[in-house]
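Letters are used for the chains, namely A, B, C and D, taken in the order the chains are written, and counting of residues starts over at 1 for each.
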Amino acid sequence: MAVYVAQTRDDITDTQLQDILTRLRQVPAKATTRRTRTGFLIVTWAETGPLLEAELARSEHLVRVLPESSSFPLAAREYRPEGSVVRVGAVPVGDGRPVIIAGPCSAETPEVLLETARAVRAAGADMLRVGVFKPRTSPYSFHGLGPDGLAMLRDARAETGLPIVTEILDVRDIDRVADAADLLQVGARNMQNFTLLTELALTGRPVLLKRGLSATVHEWLNAAEYLLAHGNDHVILCERGIRTFERATRNTLDLNAVPVVKHLSHLPILVDPSHGTGATRYVPPMSAAALAAGADGVIVEVHPRPAQALSDGDQSLDLPEFARLATNLRAIGEALGRGRVAAEPELVELA
Amino acid sequence: MAVYVAQTRDDITDTQLQDILTRLRQVPAKATTRRTRTGFLIVTWAETGPLLEAELARSEHLVRVLPESSSFPLAAREYRPEGSVVRVGAVPVGDGRPVIIAGPCSAETPEVLLETARAVRAAGADMLRVGVFKPRTSPYSFHGLGPDGLAMLRDARAETGLPIVTEILDVRDIDRVADAADLLQVGARNMQNFTLLTELALTGRPVLLKRGLSATVHEWLNAAEYLLAHGNDHVILCERGIRTFERATRNTLDLNAVPVVKHLSHLPILVDPSHGTGATRYVPPMSAAALAAGADGVIVEVHPRPAQALSDGDQSLDLPEFARLATNLRAIGEALGRGRVAAEPELVELA
Amino acid sequence: MAVYVAQTRDDITDTQLQDILTRLRQVPAKATTRRTRTGFLIVTWAETGPLLEAELARSEHLVRVLPESSSFPLAAREYRPEGSVVRVGAVPVGDGRPVIIAGPCSAETPEVLLETARAVRAAGADMLRVGVFKPRTSPYSFHGLGPDGLAMLRDARAETGLPIVTEILDVRDIDRVADAADLLQVGARNMQNFTLLTELALTGRPVLLKRGLSATVHEWLNAAEYLLAHGNDHVILCERGIRTFERATRNTLDLNAVPVVKHLSHLPILVDPSHGTGATRYVPPMSAAALAAGADGVIVEVHPRPAQALSDGDQSLDLPEFARLATNLRAIGEALGRGRVAAEPELVELA
Amino acid sequence: MAVYVAQTRDDITDTQLQDILTRLRQVPAKATTRRTRTGFLIVTWAETGPLLEAELARSEHLVRVLPESSSFPLAAREYRPEGSVVRVGAVPVGDGRPVIIAGPCSAETPEVLLETARAVRAAGADMLRVGVFKPRTSPYSFHGLGPDGLAMLRDARAETGLPIVTEILDVRDIDRVADAADLLQVGARNMQNFTLLTELALTGRPVLLKRGLSATVHEWLNAAEYLLAHGNDHVILCERGIRTFERATRNTLDLNAVPVVKHLSHLPILVDPSHGTGATRYVPPMSAAALAAGADGVIVEVHPRPAQALSDGDQSLDLPEFARLATNLRAIGEALGRGRVAAEPELVELA
């Protein structure tokens, strides 16, 4: 494959831009565009280079055309050095202030979900996480309430105002999940479900992309690039532990990945210490470590009565534990000078 | 979740069986059945045990009801000690004789595919492997010909008579792929795409389930159990290398998995030394090792001109290399006493 | 093997204790003792249990005898719930205040070492790390100055007063290294060099035990137990990254190990983000994360001119970078409430 | 470090060669030599290149001087394309015929060891493996009989004529172990115990170098290079399984390593399926697979009564199981055309 990045003239008109895109499609090549301060950026790719290069050379409206060597040009830090801020509802992610997302592994009953939602909001959570479609190793395990659970999500949002984060497994569920949730999660097992990524990109909704269990950081950023290449810049990454030989914890939380992602990419990154350790007692220290490593926030599992949770009880905080954690994380955020930034960086708009 | 395995009386009627299943659905529980030599086996599961156990205790047509501790009762060796034989077209997999599957990573042109198909058939291949939907790390890589390539598969089958093995990525493609191929492959990245597994189960078509890059053998057998629990016993496993720290090979081919799977499960298992090593020169010795470890066959990448292949050229054999390999593998199969078994084990029929 | 833990009466005399130990040796069993607030603790082990158990049952001076199921009874948190403080020279490790150890990978020249030592002391380092025996993958690499470098270590200590941390590779070097250094480091490659551990135990000197590249936390604590079982409680652990599939960093720093070790053991634990990441730019955020995770300190590589370092230049901080890091870590330590504790916990003395 | 490989003139005299080596030592550089068909090969290395290069350029007896880029020039296949044969007693390893080494994990009693030795010899074993120094994770485990066990090894050799393979842990034991054994094993935990490797090199005795639990093939060949660079070419490699996330087997036997080592190096390679799987039932298929992959032989644990073995009983074959395995492996060796080669390749002599 040949990939090129081109910059248009500042004064290009919509018609001229559309004309370029039409001709690229005839190469045939694919393309995605981004408005910049001085025109538009075009990322375009085709099976072979010569025809594409010739087409790009032909246009008088392009001021710079470069072959792209990175496999994730749109996710790369170079493309947006100041870093991206992704808004989920009214909550900005990536603006400096640590974001706290909390909630139960699974929706169980409306009462338990509302009890949890109210408590985590009171303790300072920014969003509510909750699963209704649960990918489980065994076909005989609890797989979540499914579509029936979506109403609970809508109710919890209406009641608390918290944006909802939930996992999506099946492209055929996108519309109804997008109706009930604000941040659509792609789980670790689906990080390279490219069909799902491409369809989610088309929704334009914010996506939380968890790292695969044995994905390298480069593969993860390539998966993010699927979303960006198909037009959706609202991508938040989430480190949740990788698979190693170590057995004292459920996974090995790779906090190295936080500064590595910050170096390589402009995308915000959260950390999930609940799955990353698998044990409640390790969640508070690893949440603090995540912020100190530079993460934009944490996402933790909380249940009013973990011992009765239908899934992941061993790694869920109870309500008072979460309240203490939230207080401590705010203090650490302040100690790290991580208040919300005064003026947010100007967002680059989708074309 | 509570899982039970029940055995019906030998003389149970269809009506009586359907009646049991209807009442299980009302618990509510799910169930799958298998005809055995002495009636039917019922595997049934529900969120909580007491109601299900009470329902099972009520039926006079059940002669044995046991709580199931294994997470893969249908894939377990205990369930079918003699081993399963899965037929793909006219080719039995699992009957002792090593099966050889060969072909290009991707369909490129009708001419190249036919050239390859004829050559591998002449050299003794049992099936043709070829991809039209390619999962690729980067959105800017060649992703296969897509639906347009399916006609080539039908033509290659018509021309050579070889059953076709091809990967499927999207549930929405199942019908058209099932029309062009005989063995539907679930790739490593999709081993835990439970949506895809469940939908493939419903087709009743043979499925080749590759091991995930960091999946344990138990997780792999659980993924197979998704297919079996939803009614499809025509499952062939494929070891294709796992992810480790070693960098001299693309993956670490885990041949331990072959005798482990043979011990734990009745399902046939193939080995893919092309992806398992990533280098043509290592394919012949590791193919031989796979058979010696007890694999039911190998699946290897072959291209008439590997240097020109659009993908995976570094690990593809050329046509003379494949012909030599096939000859050697037949010799090793004979040395191991692995001719086709005279009388095949009686297949347990789906209910 | 059978392992027992016995507690003596409070008023046991030295003669009576020696008598017990003599009889244990005749079982034959091995034993190690620790003075406690109410007598002595005896850990004793033999090939088979019955004779040992009978011998223990015979003594009137033992008030409690229990079979030990943990493989690291002396390293276990239960044995000393308040945590251990290990003194290296005048520097306590494990008392709450984060310790900072810094210095070059290798001793190169007296001038460079002194320049570094003075600078890191001025910036607030508590100890000086420096290698003279370097384990290197290749026989053709620089292996350190060897014995000739030890004089430089003595000079740096005399000049700056900083305790010296250096690695030891060969049991035959113990005496001369112990003469020049205060904290003897067992490197990752030697974590299970049980000969070296046993001989180091006999010196009674503080030991810094790095985690092996693919050692589990349990294996690591077992390695520490070798030191304790042979009479040396002055053990400090050091997480330095494990080996995984990830290639964006030299190793995967496993900060999960910090709270896991704190939960399982009373031993202090440091973190080495230089080897744990392999890149200078990732050292500051991962140092902060280490403290936030609960580590008792960090050990980092510093060189006045990293580009000219004979080894590990890519992961060494220069002097201003270290000064900034030290300032930040002190601030984080204070934010975490990690000043030096007012009254140190009473140390359990070696018998 | 700078490394150079130089070839002397065919007619160089001993005095002239010694003169070159003396001058190299004065650079200062280190050097090792090998006699070849046309003179001597000199591998020499120093901290910096220019002085060494100048010294090499000065000599009129050198016909070719090349900077060496490989980190293991002496272990590399290029150095000896025909492959090395290492003799252990009268047994050649690497000449094509598969070698079978068998015996108990540990020496326990003279009677059990002799019973095992006679049985494995009768079944066709080429050497006897047996441990007296056992590296164990826990200080409270059975560590072997130690020096007292060495007499049993001498007796077993005298009685059966089988060469003895045993592990050595401590440089201070080299002389007495070398007196009792023929092939000195460096275990996985000591693969990078460079002190031990260097001292073993000086003995000139054959060494069996096991791969470290998480060592890459390149690191392993570098460890072998330590032996060769210090003058000992009698090195046999042994793959024994690496550490991965998989839990169904004790380790993941990496048979890919066999053809990779054969491609990169001239050294013989054995496979240890006992440690590589951890379960008796998997030893026969993985032994066969090892030979099919191209290994020069296998080393397996055998005990007359595995259930009573003091260590590794779970992975030991009993005597009839071993006899069957040996018969099968001979058959597979013949099927693979792996009889002993008629004329052995001329061994390159140590200078």
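Everything below uses one rule, namely that a contact is a pair of C-beta atoms (placed from the backbone, for glycine too) under 8 Å apart; a residue touches a chain by one contact, two chains touch by 3 or more.
If you're wondering where the values come from, they're calculated on a predicted model, not measured in any experiment.
Asks: Could you see whether C-D or B-D has the larger number of C-beta contact pairs?
Replies: B-D
Asks: Among the chains, which has its CA centre at the largest distance from subunit B's?
Replies: Between subunit B and every other chain, the largest centroid distance is to C.
Asks: So what angle, to the nearest 5 degrees, turns subunit B so that its CA atoms land on those of subunit C?
Replies: Subunit B sits rotated relative to subunit C by 180 degrees.
Asks: What is the distance, in whole Å, between the centres of subunit B and subunit C, each centre taken as the mean of its C-alpha atoms?
Replies: Averaging C-alpha atoms per chain gives centres 50 Å apart.
Asks: Can you give the whole-Å distance between the Cα centres of subunit C and subunit D?
Replies: The answer is 33 Å.
Asks: Centre to centre, by mean C-alpha position, how many angstrom separate subunit B and subunit D?
Replies: Centre separation, subunit B to subunit D: 39 Å.
Asks: Two or more other chains in contact with one residue: find those residues in subunit D.
Replies: Where subunit D meets two or more other chains at a single residue, that happens at 214, 243-245, 247.
Asks: Within the complex, which stretch of subunit B touches subunit A?
Replies: 1, 3, 45, 47, 71-72, 135-143, 169-172, 189-190, 192-195, 213-214, 219, 222-223, 225-226, 229-230, 243
Asks: Which part of subunit A faces subunit C closely enough to touch in the complex?
Replies: So the residues of subunit A touching subunit C come out as 214, 216-218, 242, 244-249, 252-260, 263-264, 276-277, 281-282, 285-286, 288-294, 331-332, 334-336.
Asks: Within the complex, which stretch of subunit B touches subunit C?
Replies: 214, 243-245, 247
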